[in-house]
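Take a look at these structures.
In the two assemblies presented below, subunit A is common to both, partnered first by subunit B and then by subunit C.
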Partner chain A sequence: MSSSPYPIVAALDALTGALFLLTALGVVATRQVLASLQLFIMQSLLLSLSAFLLGIASSSVHLFAVAAITIATKTLLIPWLLRHTVSAEVYRTREVERVLNIPISLLLSAVLVVLAYVVAAPILSAVEVPFARINLPLGIAAIFLGAFTVAVRREAVPQLLGLLAVENGVFFAGIAIVPNLPVIAELAAAVDVPVITLVVGLLTRRIHTRLGTTSVGHLSALREH
Partner chain B sequence: MLERIVYNLLQVFVVVAFAPLVEGVVNRLKEMLQSKRGPSIFQPYRDIWKLLHKDEIVSEYSSWIFRAAPYVAFTAPVFVALLIPVLTRYPLFFAFMGDMLGGGFILALGGFFATLAAVDTANPYGPMGASRTRMVGFLAEPVFIVVFLTVSFVAGSTIPYIVQTKWVTPIANFFEPSHVLLMIAFLMLILAEDGRIPVDSPSGQFELAMIDRSKSLEYSGRGAAVMKWAGAMKFFVLITIFLNVLVTPWGLAPEGSGPAGVLLAIPLVLLKVFAFILVLVFIESSLAKLRLFRITEFLGAAFVTSVVAMITRLSEI
Partner chain C sequence: MELAAILIIPAVASCLSLLPLGRRFGAPITVAASVVVLILAAHAAVQVTRSGRLNALDEWLTCDALGALVLLLVALVGFTAALFSWGYIAKRSQHGARNIQRYYGLYNLFVLSMLAVPLLANVALMWIAVELTTLLSAFLVGYEDTPEALEAAWKYVVLTTLGAVLALLGFLILYWGSRVAGFEPFTWVGLVDAAPHMPPALLWPAFLLILVGFGTKVGLVPMHTWLPDAHSQAPASICALLSGVETTTVLYVILRLFPVIGVAPGLDARPWFIGFGLLSAGIATLLLIYVRDFKRMFAFSTVEHMGIILVAAGLGGADAHLGAAYQMTGHAIAKSFCFFAAGFTVMAVGTQDIASVRGLIRTSPIAAIALMAGGFAIAGAPPFAIFVSELVILRAGLTSGHYAVIAALAFFVVVAFCAVMFHVNRMVFGAPGPRTAALAMPGSCKATLVLAAIPLIAIGLYVPAPLQDLLRAAAAAMGG
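And now, the complex of A and B:
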């Protein structure tokens, strides 16, 4: 970390990374649907902040573009889509039923973070990018935690947010390894992700109007009468 | 040498004298946030003074533990104040008598005696609150251990005076992820250990819902005064450890600044404590008290935060 020419930028990026990881943990643990949506927005803001900081350090216009696109899609467009496609009743609910209770899922999340650092170690020895030491393990940890969210939660909207958190994690790791990411790749993701959100949101709306619930856990018992 | 002993005793004096003031400011600010005027910030002093002049009633079924517990609870923070940096940046005379874990054990001893005393009188609410405090305590213990292990690992020492300068030399260290996460974990620990919202409501008067405060319900007169004072001092000591060891050594007297520097440090430290209280009051006023079994989740979150802090620290080296 001290080897990089921008110690303050590196420190700020590390701070952003720590908060990024905390929001990922929050998406796993919070009960309210609305709170997990807000945590996701915060996570996306931190992602764009990290992209901005890395853009300063490596003076890369691409990363500024990444930051701008992230803010536009993930903090404005996707929350707007989710709020308007899924009915407001869903956001008022608390998720009572989970696969695992919160303390156990938090402890498993800690194990996943350790695992992320273990997985990141061999990759880190292969790449020679100054910021990868911070971003890569934390990004991988966010990927794991997002996947864990999908596995552990039973409401449709938090599961979707878990999926989007995986996407955030991929970018968080990616911006450090490939500072000159082609903008076309980021643009493609920026178009894809809202479409996925729209589809899942509309599907959830249909399920909610038909069944009165969006608890995905019950879907295994669904049958026709 | 003599000078350092005097400064050390001055630290104890500061803790003893200003602890009720901190409590008074917290109470006043909380009421002000609710658009009330609130009691004077010197109200805890008046309460203690009044209680000291009242008769003490002790249940004849209680043992010596009930009578000794307030004094043990009062002495514990006094001893910890000898070990931690309250005013100075350089180690004082008693600094090497015990490390941070030792300080933790001494504070735990005071809590242990308060618990025993609550069980001693066989008042139905005392043991209930005491067992709840133990529950919160043993959930908080792993967080405490992990936080201090990480902090000691960073500094290569468990003496708080040596630890405190590591986070700000160079200043970039302050923003290290492990440092920020440790601060968050320890803040949650303070809320739990001192029975603040969201873990417990310090101003609640409903015995069935009490956690921390019900332990001293049976005390009256001098015992109640000493217990109240001891509680305020424990809170002050926890804040001081948080601010001076974990957050920053800013505002403390540097080496060779003489008595003027040490005296100047007193208002600066109080200012820092005041800034912390503002944050604390904001947290307490914006959250609701958790149900008893949700405390596991709260402290589980604190534990995971501290473990993540440890991991990020270990993997960077």
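And now, the complex of A and C:
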């Protein structure tokens, strides 16, 4: 952080990163589907806040664009899409049965966060980039936690939110390591996320109408005998 | 200019087939569009073989020999699968015109996304194209609307998207590396230029993330679990696209990394290619023995073949890479044919269970002959192309001294051959069961089997000179 010319911005970014990680942990641990969605929206807001802070530090218009795109797609468009594709009944769902119980999930999550720092260490020691020291390990941690969410949650919407949390993690790391990503790539990513949501949301609706459940973790007709 | 046209035509066809003009409209539009795309792709491939590279739209679209080969395969299977869809989807759709229109709308977009992968010069845009192949085909996988099909579609979307997002981090790190090295254009050519100057600590995690992330979509073991589900539950025409060319298209992206890592000092991608390849081929072979569903059988065979191609790429050298390019071609043609035969069989007997199909040669001779030919072709019997390409790969591995790898690979190939032929034999011969009601098969499906059989038989016996040049140039593009 000593390499950063903006110590206050770096401190604020570190705080944002810590809260970002907390929301990722929250998505792993929450039982309520609706609460998971709210945590995801909070996580996306923190992502765009971090992009904004980094944009100030590196005076990069690109990062302001990322912040704006993130707010528009992830905090407004995605919740709207989900409300319109997935029925209200799904939102009221409370997961009774999980693959792992919450204390064990959180314990494993802690291990994953440590692992993220271990994975990021060799990259950080090779290349010196301000803010990457904060954002890269936390981004990788969010990726691990999101993937872990997909694995332990059985409801369809939390699995989708885990997927989108992985995407948030990638971008949380991305804004620090490639602050000048071509605009075309940002726009493409901005299109991609709502399409994922739309497809998964519609699929969830069809599974719900066809099978009367959205507990996709229990679908196991297809396997080797 | 044909590169731009190749992308525009399916987009137009998609819009046209969504027009509410009844259930008979989408199929001919799609077939006509795919014929034009196939001709343009063949023309582009010829030009690429002559001039080495084709650029269009201010170098936003580009195509070298390896890209042209993939483009040609996607266009070919895009055409045969469209023709097969014509009769198959009309017969299998109880839900009326609206669903059929949606099918063709998505079908054209799905083919478009696969055509875009080898054409887009910008690597970030190419990533989007790969991701779109999943999202656009999700509803095609779940088209039959059975609980199994929806389950398969769910696993397909969630797992391959997860993989693609991991690969995205890999691509961002690659971009970071090329910026650190002081190179700007984020293209495959630019990456090969930048790779020697990139810090290995960036290049290596990027490579692993992309290999594992996109390896999920290729169906590499242990990320393959979704593949047999999706490739067995989708309609046969979509299975032909998924198994025949979607896997190949994503494998193409992984193969593109090989020359990038190859020029970086101190890094070696080969052990990873060979390791993942052998693991995939081995596990898939094991699963092939115990498989009970014949569409799943062909799906596991895809995992096996992706493994073989990856091993061939990892062996290195012009001969092994020629074998890999030839195997990609042979696999795309044979696997799509196998799924047409499987779809035909499903229509004839109404089940995918191997054990309940007996004496197919008497009840449905066309299905039986097609299944037999497809089985021989995909298992690698002479005179089919896969026999030749596997021989080329095995010989190349022996000349370069990879005895243990080749011994294992040869063992898997032989066991897989026996397993596939054992299952096909049980279905084709023997006393037919009680279900003997002969159904009238759609003419377009029969036509597809005949048309798709031409390249299936032809390229095993004789590879025409232009295709030979293309394969050699594609092998050269995979790097040394």
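In this section, the second predicted complex is superposed on the first by the 218 of 225 C-alpha atoms of A that agree within 3 Å, B and C clash if a C-alpha of one lies under 4 Å from a C-alpha of the other, contacts with A are read in each partner's own complex, and residues count from 1 in each chain.
Methods note: a contact is a pair of C-beta atoms (placed from the backbone, for glycine too) under 8 Å apart; a residue touches a chain by one contact, two chains touch by 3 or more.
Just so you know, these numbers come straight off a predicted model, no measurement behind them.
When both complexes are overlaid on subunit A, subunit B and subunit C end up sitting side by side without clashing. In the superposed model, A:Ala88 makes contact with neither subunit B nor subunit C. Looking at the shared chain after the overlay, A:Tyr117 reaches subunit B, while subunit C stays out of its contact range. Look at A:Leu203: by the touch rule set out above, it reaches subunit C but stays clear of subunit B.
With both complexes placed on chain A, subunit A has more residues touched by C than by the other of subunit B and subunit C.
In the superposed model, A:Ala188 lies in contact with subunit C only, and not with subunit B. Of the two partner chains placed by superposition, only subunit C is touched by A:Val127; subunit B is not.
Remark: in the superposition on chain A the angle formed at subunit A by the CA centres of subunit B and subunit C amounts to 150 degrees, rounded in steps of 10.
In the superposed pair of complexes, A:Ile177 makes contact with subunit C only, with no contact to subunit B. After the two structures are overlaid on chain A, the closest C-alpha atoms of subunit B and subunit C sit 19 Å apart.
Those residues of subunit A that touch subunit B in the complex are listed here as 1, 7-8, 10-12, 14-15, 17-19, 21-22, 25, 29, 102-103, 106-107, 109-110, 113-114, 117, 121, 133-134, 137. Put simply, subunit A touches subunit C in their complex at residues 119, 122-123, 125-127, 129, 139-140, 143, 147, 150, 156, 159-160, 163, 166-167, 170, 173-174, 177-178, 180-182, 184-185, 188-189, 191-192, 195-196, 199-200, 202-203, 206-207, 210-211, 216, 219-222, 224-225. Every residue of subunit B that touches subunit A in the complex is listed here, in rising order: 170, 172-178, 180-181, 184, 296-297, 300-301, 303-305, 307-308, 311-312, 315-316. If you check the complex, the residues on subunit C that touch subunit A are 122, 124-125, 128, 131-132, 135, 138-139, 142, 145, 147-148, 150-155, 157-158, 161-162, 165-166, 168-169, 172-173, 175-176, 179-180, 186, 199-202, 205, 228-229, 232-233, 287, 290-292.
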